[in-house]
Each structure stands twice: as structure tokens, then as C-alpha cells.
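Before I ask anything, let me first share the structure, which is written out below as C-alpha cells.
Think of it as A, B and C in the order they're written, each chain with its own count starting at 1.
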Amino acid sequence: MGHLESVPLFWRRMKALYTLTGVECSNCGEKYFPPRLICPECSGKEMKDFKFKGKGKVVSYSIIEVPPQGLEYQTPYGLAIVELDEGPRVTGQVVGCTLEEIKAGMRVEATLRKIIAINKAGVIQYGFKFRPEGYPVFNTEVT
Amino acid sequence: MRKVAVVGIGMTKFGELWDYNLRDIFTMAAIEAMDDTGCTTKDIEAFYVGSMSAGRFVGQEHIGALLADYTGLKHVPATRVEGACASGGIALREAYFAIKAGEYDVVMVGGIEKMSDLPTTEEVTTTLGAAADQEWETFMGLTFPGAYALIAKAHMNRYGTTREQLASVAVKNHKNGKNNPKAQFRREITVEQVLASSVVADPLTLLDCSPVSDGGAVAIVASEDVARKFTDTPVWITGSGQAGDTIALHDRKDLTTLPAAKFASERAYSAANIGPKDVGFAEVHDCFTIAEIVATEDLGFFPAGEGGKAAEDGLTEVDGQIPVNPSGGLKSKGHPVGATGVAQVVSVVEQLRGEAEKRQVNAPNIGLTHNIGGSGATCVVHIFSR
Amino acid sequence: MQNGTCGIVGYGSYIPRFRIKITEIAKVWGKEGERIAKGLGVMEKSVPGLDEDTITISFEASRNAVNVAGIDPSELGAIYIGSESHPYAVKPSGVTIAQALGAVPVMTCADLEFACKAGTAGIQMCMGLVASDEIKYGLAVGADTAQGKPGDALEYTASAGGAAFIIGKTGREGCVATIEGTFSYTTDTPDFWRREGADFPMHGARFTGEPAYFKHIIGAAKGMMEKMGTTVADYDYFVFHMPNSKFPLRTALTLGMPPEKVKEGLVVRHIGNTYSGSSLLGLARILDIAKPGERILCTSYGSGAGSDSFSLVTTDLLPEKRKNAPSVDDYIRLKEYVSYAVYAKHRHKIRGIE
């Protein structure tokens, strides 16, 4: 798919994809990921960079068997909505443990992995995925 | 303001229509709708068509112009409307506004999607994924089945909804679809078959999901001034409501409900001066079984969390307390994305005219359509009555 | 550099969690797995996940190193990733690590290749820039997702993993180990190579022994001790490049080093040969367990061929600082076994997979 091979489309998001940098509204303090220009809460238009720590918990997850393009050979994978400790939620894969070990409520932390490599010749698109907090020493039982 | 009615309807069979391309599928539906009313191309003053992704499925944009042309309409203002899977419903709403405002008397509203020309499942999945947040959901590997799987899991965790309850929705809709000559699937299935089919995104299996389909649907909409010229059985649009929500599922606090549907239906009910109890039957957006369960709760038919049990107990059967998807729904009828919203209108109008044959709801007077875009970022609800 | 101007401010490691047993590989080729494993002194090797590569492995190790060092990553003035499996032939792995760590844009970067000793070469380059005050801290990583030709002897041991070292000046606070000095021994010896575009390397079988590995690693280790004026008795630990357990133990025997001082670094037994990560992961493990004031002789070997040797002394800061990242043993202990088929899928050995 054309847009998946676009270099600028990927490059522009590197700061967000590699370092989980979003924004904080200077007016009301709400934090957002990915970055946006206008605050839906207070309509404020002054946003400053905010780097999320990458730690959070799994809100809900599903094991995906039928993937979109670019992830054909990675199935089955665990896809979760993760609530970052600072508030906002993001969508990301859960790696570093077996699929059976993924649980709603488990603590996770962000790491860098390959998201998409369309073919042997294109640019490799890296980004964040989540794995159990404390990796490689962790316990996925939810307390 | 003047009233608006649906005076003619038409739709093609939904399915893998290998022999027909995008423009022909639409034209066939348009011909059926015009024949239904006895109106001709000369009567049509404006044209609105809903299509999600003609550009990506068949490389064609500017389809308002293309389809108006091939439908035989000359120099008619033609607009393509897009709201992912709610494109058809929104197209109707645009026509409704234009007529209410006095701009036109007779408008053709259509919905179309030609999905099967994209060869692989991955390409279709990615194209549909454009209705989600492309950069932050689909890119990460979220698919539409995945999004609704997350909703299903949240609903199951909070309310104890079971996979069997989800499956019962698919079973009911196939039973209804068997009686729909236009449906893609006309065979009954069982709960066991649904549970045993291959997993697409846990817990949803293949039979929890609506199919990839081609199809077109058209409604001719007219003002009260001219409606009776075209039909003795106009079906009035008594309420229209639309609402939006965040594009990304992860930006919503509660995954067990689609607020856009709640707001859209409240606005439609208010415009029609009715409440959920007054609705006789509904065609809702069952892109996945869980979507129908959540819809029945969002529309106020059942309290939050009880949609699953209601479906399992048969309350939404054709002869039940509140028939839902008597046409077979998206699951059995098919889901050519842009066409669905208008196909729902076709089904409701058939019911209210008493023309639904074996799937006829008993003496309906008020029907409702509920059309969702994406994972709930758009919802448009219309209310119809005789 | 002779008087220990530079030191290790922080270090980190990363090993992917999948493993395949030597016996599982041997089964496919109809060989006696138990005998091979015993002969090599290697039981199983690490396998990268489908979404892992030298860049992601280097990032993990580097982030651990930054956490141990306790520095602001923007103070890294140079990043050198040494590998023979860089994801790109042209576009350095280092820039992605730099971007992800937040070290950009005021810094220098280039990728290194010298078979299994590219990582130690990076340490030497950082030492130069740090000692000359051109940069405050330099990051050198040795990491690989090594590729073994199906059915070849090296397929049993070619594995994945990496270790990262942040170099700074010893005068400043923060070093967990002082680098007393470095010594290298390099010649043109084609014992193992891969031409541009070839999928798998070729090697000279028995030629990789005496004229290659042993000549250079012994030459470098001896040269390091001569330069330092030290003897075997002055060292508490010896780390050598580990293509298997046999070669480092034989080297130790030749040089009169007690095997118990070599044992602790032999991570190869559990994870195989991580190529550019090999001696550096061994060094990382020693740093995980060493007490302050202990001396380490670490000697790498890269085919082609060359060896870099380092004489290091641990400091009082080591025991506290190393708690800020997982240990090599933490990564070794986390494992999930895969079959040869899944291993082949992960290693892109199946035709038709991009």
C-alpha cells in the first residue's frame, strides 16, 4: 500500500514512535498522545512537548489472527489498549511474554521494536511496543 | 419546515459480484429504485452517494460525478459523502437537509462499495483500517475485528456477556437473511458453528464478522409537496440525528458503549418526538455481533449490559419484543461498506410498506436505522414512519 | 590511554528470549545432537523475535547502559554500533538508537564491521574521542542477529544478543570500571567472510583455529599484559570471544590461566555465539558479579582478523550502579523454546518470506 511505503509519513512520527513524546496543554495541563495542536478540553492552542515514561497498564487486549498489511508473518500477536501512567491511552502490541500471559490490568513498559518492514528493500519502520514491566524479570499475575 | 419522505427504493443483491463493476452495480440499484416509483432520470434534481473507499478498492475517486453520469443524470449536482461505514446514512441525511431547506424536491440517495476487486484479505483489512486512526491504530496492527474484539472483551468483563450470546446474534441474523432474496448468505448457522469457526481477533471468530461484499442501494427521497406524485406509500423521515466521537478507540474512557450512537439516537428521538419504547423495529449496524448487542443498549432498547441476554432470549427476533435486523443485518445481508446505510433504509421502507414478505415484522409503524462509521467515531440514526 | 584516562560509566546487555536447543537443530540434519553440543560446550542458542533486529537489540542494551550510567542521553557525543548483521547495508544502525535515546542531534555516528570484534573497536574509538576531550561520553555497542547457513557447523551457535558500554573520563565521577589500557593485534587473515549481497558467510573450517582465532587472541592478550606490565596472576577474571566453550578454555590453558577465572564469562553455553556481542556480553556478566577492585582481562576476536584486548579494574561504584538495569543472567533465565521450523521463520531462512 502506497502510504505504508511513504518515508516522510513515517519519519515525521519518529519522535512520537521512538520516544513516546506527546504534548501537554499549557492552559489546562491535559496531556495527549499523539501530539495535537488544539486541546479538545479547553480549546487551548499552546501545546508543549511532553515525554511519557512509557509505563502503564493494559486496559483491554485481543489476539489478532488476521493482520493488516505489513504484519502478515507476525500473527498471532497481542494488541492492547494501554493506559499510560500519565493518563492518555495508546494502542500497541504486547511482546516479551507468551500470548497466554497477557492480561487486562497487567503493568507494562514501552520498548522499541520493528512495526513494519514492507519488503526487503524498503525503510524499516520502528516504533513502540509494550512488554511486562520489569522485563526480563516479571510476573504477569494481576494483583 | 416541510416533511421529507422516501418514495422509491432499490438495491442489488449483495455478495461477490464478479460480473459487475462499481458503476454498473450502482446503476442497477438506481434503475430498480426509479422503477419502484415510476420516476425517471429527468425527475432527479440532486444526487448524493455514500462510498467509503472507492479510491482504494478500485482506484476511482469523484464517484459522485461518475455515478450520476452512468445513472443517466445530466448536469445534476452530484456529491460523494464519506464517513467510513456510515457513508450511506450520512448521504441520506444530506439529502434530507437539502429537501427540508427547500433547495430540492426530489433527490437520489445512493450507497455503493465494490470490495472484491482487491485480491487479498490483508489489503482489504488495511483498506478498512483506514477508517480507524491510520497512524496510531492500524499501523500498530489494530484491525476492525481487533477493535470490536477489544469492545467485546470489555463488555464481557464488565457485564458477563458470553460468546454464546454474541453467537446468537449471528444465528438470528442468518435466520432472517435466509428470507431475504438480496442477502449474501441465505443459509442458517448454529451457535456451535459460530464458536467453532476460525478466530479472527479473539474472541471474535469468522462467523462473528460481517463479510466482504459488493453491492449498491438507492433511495429516492422527495418533499411532501411532490411525494404523492411518486407513490401511494411514502415513508416519512420523522427524525435524523448524527454524532461523532474520537477517531481512535483508545481515546474513549468506556469501551462498552459507543457514545456517538447514544447522542445520535437521542437527537433523532427528540426530532421525531418519540422514545426508544416507541420504536417498532430497527436495522442496526452489526458489523460484528458485539456491535449489535452494544447498539441495542446505546439505542435504549435494553439497559446497559443486558443486550447479550436479550439477544439470547429471542427478544430481537422478527417476532420478538423489538425486532432487530429483520433483513439479516450486515452479517447475513452483506456489508458493502458505503452501501450499508442506504440498504438499511431500503429494508426499513419495505417493512413499513408491508412488502417484506417472509421476514415481515408484524404491523410496524415506526422503524429506525442505526449506521456506524469506524469503531464508533460516527453514528447516524434515522427514524421512519408511515 | 595507558594510564587509565577512560573508564566504563555504564553498561547494559540484552538477549532475546527465544531459544533453540542444539539437539533440535541436529535432528533436522540427521546429526547426533548430544555429541555436537558436548563437543562445542554449547547447549542452546538465543533466537531473535520476528520484530527484533540488531537495532532493537542495541537499543535495549543501550537504554540499560544509560540507566546504569545515570547520565542524560543528550550528553552522548558519539554512538558506534558494531555488528555483522546491521539491518541496512547503507544507513547506520546508530542513528536509530541515537534518535530513540534522545542523543540527537549534536553527536557523531557511524556503523562498524569487523566480524565479531566490531563492538570492541567501537569502545576504542570512544576512548579516543573521550580522552581528547572532544566528547563527554561515547556509546559503543556490539550486537548481532547472526545468520548461520543451514546445515553448516556454525548454525549450531550463531545467535542473537548485544551489550552496550558508555565510555567517559575516569577523572569525572561515575566510572564503574577503569580501562587501564587497550592493545590490538590485527592482520589480513581470511578465516571467515561474507561478500556483499551473499546471504550467509563462508569460513575456512579448521583454518579458523590456529592461524586465526588463537594467533590473534593470544597475541592480543599477551601484548596487553606486556604493555601493562601485568601477569596472569594479577587478574581475577578473563573474558575471551566465545564462538563456543572450547576455544576460550583452550586459550586459557595455553596462557596458563586457571579455568575457574574464565568460567564466569562463558555465556556461550546458554545463548550461543552472539558474534559482535560475544566478548562484550561476557564482560557484562563479569561486571554483574565482580566486586570492587577486581581486575579483568577482556579480549575479543573478529575474523578477518583481529583482536582487541582491554585491561580493566572495577571501582567502588559498580555494585550500586549495576542495580539500575537487568543483569545478563536475568536475560539468560527468561526463555521460550522454539522448534527448528519456527526458528527458520524467525531467521528468514524460509523462501517466500520477506
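In the analysis below, a residue touches a chain if its C-beta (ideal position, glycine included) is under 8 Å from a C-beta of that chain, and two chains touch if they have at least 3 such contacts.
Since we're looking at a predicted model, the values are computed, not measured.
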Taking each chain's centre as the average of its Cα atoms, which is closest to the average over all protein Cα atoms shown? A
Ranking chain pairs by how many C-beta pairs touch, which one is first? A-B
Report the inter-centroid distance (CA atoms only) between subunit B and subunit C in whole Å. 59
Centre to centre, by mean C-alpha position, how many angstrom separate subunit A and subunit B? 32
Which positions in subunit C touch two or more other chains at once? none
Contacts with 2+ other chains: residues of subunit A: 74, 93, 115
Would you mind writing out the residues of subunit C in touch with subunit A in their complex? 17, 49-53, 55-56, 59-60, 87-88, 96, 99-100, 102, 326, 330-331, 333-334, 336, 345, 353-354
Using the touch definition from the top, list the residues of subunit B that touch subunit A in their complex. 121-123, 125-127, 129, 133-143, 145-146, 149-150, 153-154, 157, 198-204, 248-251, 255
Can you list the residues on subunit A that touch subunit C in the complex? 14-15, 18-19, 73-74, 93, 95-96, 98, 111-115, 117-120, 124, 126, 129, 135-137
How about subunit A: which of its residues touch subunit B in the complex? 1, 3-4, 9, 13, 34, 59-72, 74, 77, 79, 81-82, 88-93, 104, 115-116, 125, 127
